[in-house]
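Presented sequentially are two complexes of chain A, the first with chain B as partner and the second with chain C.
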Partner chain A sequence: MNQTLHILTSAGLYITLFAYFIAMVFYWFQLITKNKLNGQLATAFTVIGWVGNTIILVARTILAHRLPLANGYEFILTFCWGTVLIYLFIQLHYRLKELGAFVMPIPFLLLSFVVITMGSNEMIVQAIPPALKSNWLTLHVLTAIFSYGAFAVSFGLAVLYLFKAHSGTSSVIKAFVSRVPDIDILDELSYKIILFAFSFLTLVIITGAIWAEYAWGTYWSWDPKETWSLITWIIYAVYLHARLMHDWKGKRAAWLAIIGFAAVLFTFFGVNYFLPGLHSYA
Partner chain B sequence: MRERFKKWWEQFIRIMASMKTAITLLIVLGVVSALGTFIPQGQPQTFYFHAYGHLTGSLITLLSLNQLYQTWWFQLITGILSLSILICGYQRLRHVNNLKSAGSLLLHIAVVVTVIGSVWSLGYAKSFYLEIPVGEKVALAEHGLRDGRLGLKDFKVDYYPDFQPRQYASQLSLKGYKGKNYEERIAVNHPLKANSLKIYQSSWGWVMNLSQLTPDSAKTIQIKDKNTYRLQAGMDVRAVFIPDYAEESGNIESQSPLPNRPHVWLTLLQDGKIIDMTVLAPGEEAQLGLFTLRFDNYSYFSGLQVKEDPGVYLVFAGFILLILGILARYWQLFFPPKEV
Partner chain C sequence: MKKTNQTFWHFFTSMKTGIIILGLIVLVAGLGTFISLDVYSSVCFKLLLGILCINIIACSISRFKGLRKRIHHPPIPRNINAVPHKICSSITGTNDDLFCNLEKNLRSRGYRFTSAETDDGWAFVAQKYRFGYWGAYIVHIAFVIIIIGAMMGTLGFSGGFMALKGEVISFNQIPLNKGSATKDYEIKINSIEDRYLANGERDNWYTNISILREGKELARGNTSVNHPFSYDGVKYYQSRYADYALIVIEKNNIKQEELVMLGQTSNEKEISNELSHRFKQRVDKSDLYVKGLKLQNRPIVYLQIFVTDKGEPSVVNLTPGQNRLVFDEYKITLLELTNATGLEIKSDPGVPIVWLGSGTLLLGLIISFYWRPLLVSGIFTPQDRSGTLLMGMYAGKTIKQNEAEFNGILKELQRIN
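Take a look at the complex of A and B:
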C-alpha cells in the first residue's frame, strides 16, 4: 500500500508538471491562433494537471497521517494546487481563457523549481517536529494557499491587462488580445481577486501570530519572513486605498499588483534564500 | 494667539485625516521594515564593524538600524500612522450607514487596537528562560516576577522510531502565583496559562549529579550535559552524558537517546587541554588526575520559556475585530446577493 502511494506521489509530480506545461503551451497557441480546440485542450490539460496535483496531496496525506503542509516542498505543491483551482474557477466563471497564458507559467515554474532543486530529502515524508504540531499552523498554511493562489491569479490578470492596454501600440499584441474582455472588466476583476486574497493574507498573518504565541511565546518577533508578510500586506493595503481615494485604477493598479506578487514570491522564496531567519520550515 | 492655534490645529487635523498622509506613512513603514530584514538584527556592535566596515558599521549602530524595530523613530512612525487612522475613522463615523462601511471602520479600529496591544507588550512584557532539573524548584521572584514557585515534577520525551523527538512534556507545579496554585502538564504548543503568565516547553537536556570525594568529605557537583565545572584554578571537568552506552564499538558513543545504559564521560582539562578521561556508570567512582569523582545519578532538565505579557490579550482582541471587520466589509464579495 505504502509502496504504491510512494510511486503515486513521485510519478504524479512528473505527470502534473507535464500536464501544466502542455496546458501552458496550448494557452499560448490559443492566444496566437484563436483556435477553439487549443483552448479546450489547454483547459483539459489544466484539469488533468490539477487532478494529478490533488492525487499527490491526498497520497501524501495518507502516507504522513497529516495534511501535507509541513515543509517547502509540500507548500509549493499546495500553492500550485490553490492557484490552479482559483484560476479554473475564474476561467469558467468569467470565460477568460486568455488568462491561462499568464497564470499557468506560475505553477509550471514552481513545480520545475521543485523537480530541479529539491532532493529526496525534502520529498520523503518526514516526521514533523513538535513545534509544527498545531491546528493554528494548519489554518495558517491553508489560508496562505488561498491567499497566495489568488495573488498569483491577480498577477496574471495584471499582465493580461497591460498587454491589452498596450494593444494600440502594436498590431501583433492587438491580434493576440482581440477577444480578451474590455480592460475595465479585467481591472475590476483583478480588484475583486485582490480583495479576496488580501482578506486571506490578513488571516494568514493572524493565524501565524497565534501559532507563534502558542509555540514560542512571541506572537511577533520581526523575523524576516514575518516582516515580509507584513510588507506584502502593506503593499496591497496601499493598492486598495490608492484605488479608493485617488482612483488608482488601470495601469498603475496593474503595476502595483505585479509588485505585490513579487513581494509574495520574495516572502516565500527570497527570504529563505537571501535572508537569515527563524522560519526554517517553509 | 488663540486664533492662530485654532488655525494650526485645523491644519494639523486636516493633514492627519488625509488619506495621502496615511498612505505615505504606510509606504515609509514598509520600506523601513524591509531595510531591517537586510541588516541582521540584535547582533553585538562589533559584528557590524566586521561585516560592513567602519563607516557603514558606525552609521548602522548610530541610527540603531541593528535594533530597527525597537527604535523611537520606528515607534513614532507607527504611532503617527495609528493616529492618522483613528482621525480618518472618526471623520468617517457619520458616513457609516451600512454593513460595508461599518466593516471598513471596524477594520481600521482593529489595526489600531492591535498596534496598541503590541506597544503594551513591548513596554510591559517580561520574558526569561529557565532550566529546571526534575524534582527541583525555582522562585520566580528571582527573575523579576512578583511571586510564585515553579517546580518540575516529571519530564518525558516521546520519540519517533528514528529517534527524532515527537513531543516532550513537563509536569509542572506553580505555587503561590498571585495567590493561586497550578498543577499542569505542558508540551510544545501547549503552554501553561495562569492569568497573564504563560510557561512554554522550549527545550530539554540531561543533568548529572557527581560527588567530589576527599578522604574526609564528599562535595556534590551538579553539571549539565556537555558543560564544564571548575574543580580548582585552571582545572575543569567536562561531563558528557551517554544515555545508551556502547562499549564494544571502541568509540565512546550512544546507540540511542534513551537512558538504557546511562554513563557519564568525564574529561579532566588543565587550562583547556585534556589530561585525563574516564567513563562511569551510576554509583561508580574513579580517579581523574588528582581528583576522585563519583557519578551519583542523572535526570532530565526542562528548558522553559516564562512570559508575563498583558498586551497579548489586546492584540488577540484586535485580531478578532480584524476578522469581524473583514467579514462585514467583504460579505457581499464572498456571498454576493442573488440578482433579481
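Take a look at the complex of A and C:
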C-alpha cells in the first residue's frame, strides 16, 4: 500500500509538471493563433495537471497521517494546487483563457524548482516536531495557500493588463489580446482578487501570530518571515489606498500588484534562502 | 497660529501622509531583515509607528461626522449636476407612475428610499448596504487597537528557568530577562516526560507543575510545546528538556553520587560517534570524568568513563539498578534516570487587546470588502404632462459591478413604464 503511494507521489510529480508545461505552451499558442482548439487543449492539460497535483497531495496525506503542509516541498505543491484551482475558477467564471498564458508559468516554474533542487531528503515523509503540531499552524498554512494562490492569479492579471494596455502602441500585441476583455474589466477583476487575497493574508498573519503565542509565547518577534509577510500586507494595503487616492487604477495599480507578488515570492522563498530565522522548515 | 494648526491637522489627516509613512515602515522593516541591527526596537521605528497611529486616529476623527451624515442623511440632489454621472441614465414617464414604480422597485431590492420635492418636480436618494461605509473605519480603528495592545506588551515580563523533577522554585527566584514581577507562591515540578507515540515518533515533552503557597496547592496542570500552562496571568512554556542519570561511584568502599547530564540518540550504532561530540563532566573532586548518552525512548544509558592516567576511556551500558566495574576498581551503579525541564515564563497584558484588534480587523475587512454600499440618486424634471428622470449611481470601487446593478434597476423601470 505505502509502496504504491510512494510511487504515485513521485510519478505524479512528473506527470503534473509535464501537464502544467503543456498547458502553458498551449495557452501561449492560443494567444498567438487564436485557435479555439489550443485553448481547449490548454484547459484540458491544466485540469489533468491539477488532478495529478491533487493525487500527490492526497497520497501524501495518507502516508503522513496529516495534511501535507509541513515543509517547503509540501508547501510548494499545495501552493501550486491552490494557484491552479483559483485560476481555473476565474477562467471558467470570467471566460478568460488568455490569463492562463501568464498564470501557468508560475506553477510550472515552482514545480521545476522542486524537481531540480530538492533531493529525496525533502521529499521523504518526515515526522514533524511537537512545535509544528498545532491546528493554528494548519489553518495558517491553509489560508496562506489561498492567499498566495490568489495573489499569483492577480499577478497574471496585472501582466495581462499591461500587455493589453500597451497594445495601443504595437499591432502585434494588439493581435494577441484582441479577444481579452476591456482593460477596465481586468483592472476591476484584479482588484477583487486582491481583496480576497488580502483578507486571507490578514488571516495568515493572525493565525500565525496565534500559533506563535502558543508555541513560543510571543505573537510577534520580527523574525524575517513575519516581517516580510507584514511588508507584503502593507504593500497590498497601499495598493487598496492608492486606488482611492488619486485614482491610481490601471497601469500603476498593475505595477503595484506585480511588486506585491514579488514580495509574496520573497516572503516565501527569499527569506528561506537569503535570511536566517525561525521559519526554516517551510 | 491657527494656520499652523490647520496645516498640522491637514498633514495628519491626509491619506498621502499615511501612505508615505507606510512606505517608510516597509523600507525600515525590510532593511532590518538584512542588517543585524535590531531596528524594530529603535526609537526611529517606534516613532514611525506612533506617527502612523496618530495619522489613522486623526483621519478617523476627521471623517467621522461626514461618514455619519453619508450613512444616515445622504444628500438628495438639488440639481442635475449633483446626480452621479459616471453611471447615469435618464428615463421618461409620467410623474406619479415613475415615482411609484421607482420607489417600489428600489424598496423591493432592499434600498432605503428618501425623496424630497424640488422647485418643479422631485428628487430622491436610495441606499443599500449603507453600513458598509463603516467597514474601512473599523479596519483603521482595529489597526490602532493592535498597536495599543503591542505597546502594552512593554508592561509585561518574561524569564525562564531549568529545574529537576521534584524541585520547588520560588517564583521570585526565577531570573527575568524583561520587566519585573513578584509573586508569593512557588512552582513545583511534579513530573517531566519525554513522550513517544506508538510509531516511534516523539509526541511531546510534558512537565506537570503545581503552584504552591505555604505548601498548599493552588493549581496544577501540564505544559507541553504548543500547550502552555497558565496561572495568574503568567504562562509557562515548555522550552527545553534534558535527561540525567543519577549514578553512584564506589571505590575502596567510598561512595560518591553524581548527576550526569545525558545526550540522546536513537541509533545504537552511533553511540561512539555521538559520545565523541559531548563534553566531559568531572565527577566532583575526583580524577574521574564521564560522558553519558541515553537511548531515545528506552531506559538504557551509555557511560564513557575517563580516569586520569588510565589511558583509553571505558564505555559501559546500564539500565536503572544495574552496576558495572570499570578499570577494575570503580563500581558504577545507575541509581535512576531522571530529567530536567526548561520552562519559559511570560506575561503580556497586551495579548487580549491584540486579539481583540485582530478580530475587529477581520470584521472590518469583511464589511469593507463584501458589504459594498450602493447609492442611487436622481432628479425628476417635468415637461408638459410627463417628464424626465435623470438617475445615477455612485461608481464606488467596483464600477462594473455597480453598473450591472444599475442596469437591472433601469431595465425593470423601463419594462413597467
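Following the convention adopted for this analysis, the second predicted complex is superposed on the first by the 282 of 282 C-alpha atoms of A that agree within 3 Å, B and C clash if a C-alpha of one lies under 4 Å from a C-alpha of the other, contacts with A are read in each partner's own complex, and residues count from 1 in each chain.
Please note the rule applied: contacts are C-beta pairs under 8 Å (C-beta built on N, C-alpha and C of every residue); 3 or more make two chains touch, one makes a residue touch a chain.
Please read all numbers here as calculations on a predicted model, not as lab measurements.
Trainee: Between chain B and chain C, positioned on chain A by superposition, is the outcome a clash or a fit?
Mentor: In the arrangement built by aligning on chain A, the partners chain C and chain B clash.
Trainee: Using the touch definition from the top, say if A:M245 reaches chain B (first), chain C (second), both or neither.
Mentor: both
Trainee: Could you look at A:H166 and tell me whether it touches chain B, chain C, both or neither (first, second, both, neither)?
Mentor: So A:H166 meets neither chain B nor chain C here.
Trainee: Counting only touches as set out at the top, which of chain B and chain C does A:R95 meet: first, second, both, neither?
Mentor: Neither: A:R95 stays clear of chain B and chain C.
Trainee: Give one of first, second, both or neither to describe whether A:D184 is in contact with chain B, with chain C, with both, or with none.
Mentor: Once the two structures are laid over each other on A, A:D184 reaches chain C alone.
Trainee: Is A:K36 contacted by the first partner chain B, the second partner chain C, both or neither?
Mentor: Neither partner.
Trainee: With both structures aligned on chain A, tell me which stretch of chain C collides with chain B: 43-51, 115-123, 385-393 or 403-411.
Mentor: 43-51
Trainee: Could you list which residues of chain A make contact with chain B in one structure and with chain C in the other?
Mentor: 127, 129-131, 133-134, 192, 195-196, 199, 202-203, 206, 209-210, 213-220, 222, 224, 227-228, 230-231, 234-235, 237-238, 241-242, 244-245, 271, 275
Trainee: Where on chain A does chain C make contact in their complex?
Mentor: For chain A paired with chain C, touching residues are 127, 129-131, 133-134, 184-185, 188, 191-192, 195-196, 198-199, 202-203, 206, 209-210, 213-220, 222, 224, 227-228, 230-231, 234-235, 237-238, 241-245, 271, 275.
Trainee: Quick check on the complex: what are the chain B residues that touch chain A?
Mentor: Interface residues on the chain B side: 19-20, 22-23, 26-27, 29-30, 33-34, 36-38, 40-41, 69, 118, 121, 127, 160, 162, 164-168, 187-191, 198, 200-202, 305, 307, 312, 315-316, 319, 322-323, 326, 330, 333-334.
Trainee: For chain C, which residues count as touching chain A in their complex?
Mentor: Chain C reaches chain A through residues 15-16, 18-19, 22-23, 25-26, 29-30, 32-34, 40, 150, 158, 201-205, 224-228, 235, 237, 344, 346, 348, 351, 354-355, 358, 361-362, 365-366, 369, 397-401.
Trainee: Which of the residues in chain A come into contact with chain B in the complex?
Mentor: Touch list, chain A to chain B: 127, 129-131, 133-134, 192, 195-196, 199, 202-203, 206, 209-210, 213-220, 222, 224, 227-228, 230-231, 234-235, 237-238, 241-242, 244-246, 271, 275-276.
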